[in-house]
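You will see chain A twice below: alongside chain B first, and alongside chain C after that.
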Partner chain A sequence: MIVHSIFFYTFSLIAIISAIMVTASKNTVHSVFFLILDFISISCLFIMIGAEFLGMIMLIVYVGAVAVLFLFVVMMLNVAQQKNQWFAAKDSSKHIPIGLIISTLIFVEIIIVIGGWKYKPEIFDLNNSLTQFSLSNTHSLGQILYTDYIHVFQISGMILLVAMIGAIVLTFRQRAGVKRQSYIKQISRERAEGVEVLEVETNKGVRIDE
Partner chain B sequence: MENLNLILPEIFISLSIMFLLILGVFKKDSSKITVNLSLFVILITTIITINETFSVNRETLFNGSIVIDQMSSLMKIITLIGGFLVLVISSTYLKIFKLYNIEYPILIISSILGMMVMISSNDLIVFYMGLELQSLALYVLATYNRDQLKSSEAGLKYFVLSALSSGLLLYGCSLVYGFSGSTNFDIISNQLNSNEYVLTFGIVFILVGLAFKISAVPFHMWAPDVYEGSPTTVTLFFTIVPKIAALTVFIRFLYVPFLNLIDQWQMIIIFLSIASMIFGAVAAIGQTNIKRLIAYSSISHIGYTLAGLATATNEGIQSSIIYISIYVVMNLALFSCLLMLKRKDQYYEDIDDLSGLSKNHPLLSLCLLLILFSLAGIPPLAGFFAKFYVFKAVLEQSMYFLAIVGLLSTVVAAFYYLRIIKIIYFDKEKDKYDTDHSLWLKFSLTVSTILILFYFIFPSLLIDVVSRINII
Partner chain C sequence: MDYLSIIFDQVYKILFLLIPVLVSVAMIVWLDRRVWAFVQKRQGPNVVGPFGLLQSLADALKYIFKEMIIPSSSNKVIFILAPIVTMTLALIAWAVIPFGATQVLADINVGILYLFAVSSLGVYGIIMGGWASNSKYPFLGAIRSAAQMVSYEVSIGVIIINVLLCVGSLNLNDIVIAQKNLWFVIPLFPMFVIFFISALAETNRPPFDLPEAEAELVAGYQTEYSGMMYAMFWLGEYANILLMCAMGAVLFLGGWLSPLEIYPFTLVPGAIWLILKILLLFFLFALVKAIVPRYRYDQLMRLGWKVFLPFSLIWVVLTASFLFYFNLLPTN
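And then the complex of A and B:
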């Protein structure tokens, strides 16, 4: 039990500190890194209470997709401004220690959780967690998601659809003057449409493109 | 096997959303047909709702997480009719601002779907899903005129503040779940008793989130800016339709899961009600923009509806529902007038633009006069009866302070309504406005004005329907 509380306090401390650092750090890229650290600590906490499905989803969706996308967006914004801070030679040493600390922490966290979970399963045993049933967490989630909670599942599908429509409505612009290629049009062009034979008068010339 | 007929309206409307989307993708220039089909969809959904659920007394579906009862079916019907009328009168406005495309009706009906889910929810998860579905569509609708700075600002403001309030709401939900061990309203109601003071935190957080959604003071800050910035037809949607759903959820929360904790929430509701009534009345005085004025007036109207809820009696709930129904009609009429203030494809929304309206447009001015009198609560118009029922229910519970504050704020509110009437009838006249309005706009103005004017002849029509609602 004492091992369990040590892990719990370690992870929660890291989660809280990194959550504070997300808002406190001045560089937005650092904020995103701290956000990733926060997500990872929380997913470790989830795994510790026996919700391994939730923890892994957290890792895959938030860390793997959302945070990385976030990082891209942040790095894309203010590229010129960020360049000076990030890629200039004299300042480059500043972000390396922070990056190293965060990456070591993440690495240690993963080692602790995966290692402990793999080799000493009883240290994470909680009396009230779902693990006391014979089914695995993912299994039991799957069993109720499509039966008892089918309506909620469908409504969340509708929410995603609305989010998609919304994103398209707010960002899609029909630009005037964009030239698109149409193969049918190109192939079916006849000589009569493209070529015109003109009688050119001497010293007058022809004006094209009228 | 569940009786899926009871949620047939929701199923039908969601399938229609997908159908309309596909239609819009594959058919060129399909804005007109999509709008017309959406109107048709809303109409059919209304008919299905009346047909399938109106006679049902109380039934639950999906392990009690969805409830179909008298209140839910009535509120769904009001929501659908409100959505129908909003969509039907908005086409001219949308065409002028070049917003007339397929996404607009689809977003409107998906937000209506969210509201229908909210209205019949009997479970924290289902309720939150419905809330998110409707507000996600509303964020986009607020920003719909994205090339205009004010519209984008309104959308962003609404999004950020609404996300914050959703966070508070979810925190409250998690506390309630933690203390009761279930997300189902009926089970929560059995599990909770008034001795658990810790639960007050959960209730406070949930009420804060809900009060934000109906823009009750002190969580109203977003309303004037969002109402002003959004396109007028979206503002119309904002003022009437989400309020109905949010009020239903308010009633459901207070009287199903938290019924035993009445001592804890009654003071909160009384405070929200008094603050909204006073603030809405006082802050509207200095406004020059009609849309902002409507925002403040809707805040004070929400205050009166909450006064009915604070009584903790069936009469109080019924009076609130009657109030919100009449409020919907009055706001619909007011916005129909606002959409008629158009001169050469430009809309006018300042109070000064109304000056001397009576000389050029006597009929429109007469309608505005009746609507504003009704909003101020002058007998024998519908608005008077709405306030009358609420105050009657409040006085029956001997809550004299609430009633006195409510009456005083009505007097203050009457000032700014009368000021507009003075501007219309006694100020210098301006240029003529266009008179070539669409048939539907004229229709909705006529019908709603007639409803306001002649409500006192057949009040029993509404009262009979509403009196079948027995929550407690």
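And then the complex of A and C:
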């Protein structure tokens, strides 16, 4: 048990420190790296409470894909020069009240949820259906997700699909005069239409590409 | 005292796994160069030791005694961290590879997800190296590699789903045992081919070695590295290739199972069979490097997103419907 708590406090300390460093570090790329460290230590915590499936999915989705895209975007913006101009700007004090309100709201929400879960566990009837300890948590997650909550699951999938289509529509533009490769065209080209022998008169030349 | 003995036991097991892996990485580099040379009617490295077997050792010595140059405009912490990350991630994944029914370091429930997660983290070493070098070519290499690895991960994930549908468990040993009667390479052959090609792209091997395309980007993300740090990138890359071969062997070629369950074959321990399968896959990797020209970047992206992803998704639907219709879905 002692070893367990040592590991727990190590991972949570790393998680909290790196979460603070995400906002505190001057270089934006460093922020993203701290965010990745945060994700990794949180997935370690997930694995410690026995939710190994969630921990691995956290690693695959957040660290393996989302954070890579974050890095991708942040590295493209030339952030080496603009080291946190946002905080250095004069009117940055304007944003502090809004930030305070939002963070207080989130804090109160967490208190309500965790308090309810702690003192009135019977409200959360999901707890009772999860108590089949003979199954691994991948199995029990699958059994709940694909039976009781199939509609919610499908709807969240649809929402993600719509978001994806929306992103594609927003960034897709058809430009005129751009030469694109068509594989079918390239493959089905024959010698007769590809090569042409011309008699070229002196000092006249020929026009191609018409 | 109890804890100490557990720790010693684990350290002993880890060393017993890691040292062979590191030695075989060195040997596999030699094998790669030899195969490449024979395809091109050359001799390859054949001077140091018998058949040139000690060539990698000589190379390693050379790298150790070379100067490590850290560019003055680089981001030094991340610059040094990058090869370490690559190397570590390539090695920790070996913890879950089963070499026999009980010969596995960590027999965890979500083994295949762990493998997938670690192999998808591999991109960080490259991105960190490319960004921290603070130079054009490494940066371009890192960007290319990030896009490429994220794209091909998707199709590898879908292929893994195909295998999981037939097994009904995420444990690697269960996946191996499920192939006792029929290796998955036979019913899922198209998936095996796509897995092989995606593995080439995931490990930045030719014909998908665009992150380090020497004709365009000098050496890609490794341009600014020298000495031991370069050697670590190099070792990490080959350890990753071996890992991908091991993953292919476990998912499709029956892992540590012998090809026929009859007398002379069952004498050979499972670890030998697994190593032979890994070597077979690696031989294919080396052949592909020698005989195929490099892809263009847009062709690479097209192949990943427009060909492999839809095809493997359709195959998931087919596999699932087939298993459902003939009542073959695994239940446990």
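As a working rule, the second predicted complex is superposed on the first by the 125 of 210 C-alpha atoms of A that agree within 3 Å, B and C clash if a C-alpha of one lies under 4 Å from a C-alpha of the other, contacts with A are read in each partner's own complex, and residues count from 1 in each chain.
What we mean here is this: a contact is a pair of C-beta atoms (placed from the backbone, for glycine too) under 8 Å apart; a residue touches a chain by one contact, two chains touch by 3 or more.
If you're wondering where the values come from, they're calculated on a predicted model, not measured in any experiment.
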item: Chain B versus chain C as contact partner of A:E52, first or second or both or neither; value: second
item: Which of chain B and chain C A:H151 touches, first, second, both or neither; value: first
item: Touching partner for A:T138 - first (chain B), second (chain C), both, neither; value: second
item: Residue contacts with chain A in the superposition, chain B compared against chain C; value: C
item: A:V68 touches, of chain B and chain C: first, second, both or neither?; value: second
item: Which of chain B and chain C A:I165 touches, first, second, both or neither; value: first
item: First (chain B), second (chain C), both or neither touched by A:V3; value: second
item: Chain B versus chain C as contact partner of A:F33, first or second or both or neither; value: second
item: Touching both chain B and chain C, residues of chain A; value: none
item: Chain A residues within the chain B interface of the complex; value: 148-152, 154-156, 158-159, 161-163, 165-166, 168-170
item: Residue ranges of chain C touching chain A (in the complex, touch as defined); value: 3, 78, 108-110, 113-114, 116-117, 120-121, 123-124, 127-128, 131, 134, 139, 142-143, 146-147, 149-150, 153, 157, 170
item: Residue ranges of chain B touching chain A (in the complex, touch as defined); value: 7, 14, 17-18, 21, 61-63, 65-66, 103, 106-107, 110, 113-114, 117, 125-126, 129-130, 132-133, 136-137, 139-140, 143-144, 146
item: Of all residues in chain A, those that touch chain C in their complex; value: 3, 29, 33, 36, 52-53, 56-57, 59-60, 63-65, 68-69, 71-72, 75-76, 80, 136-138
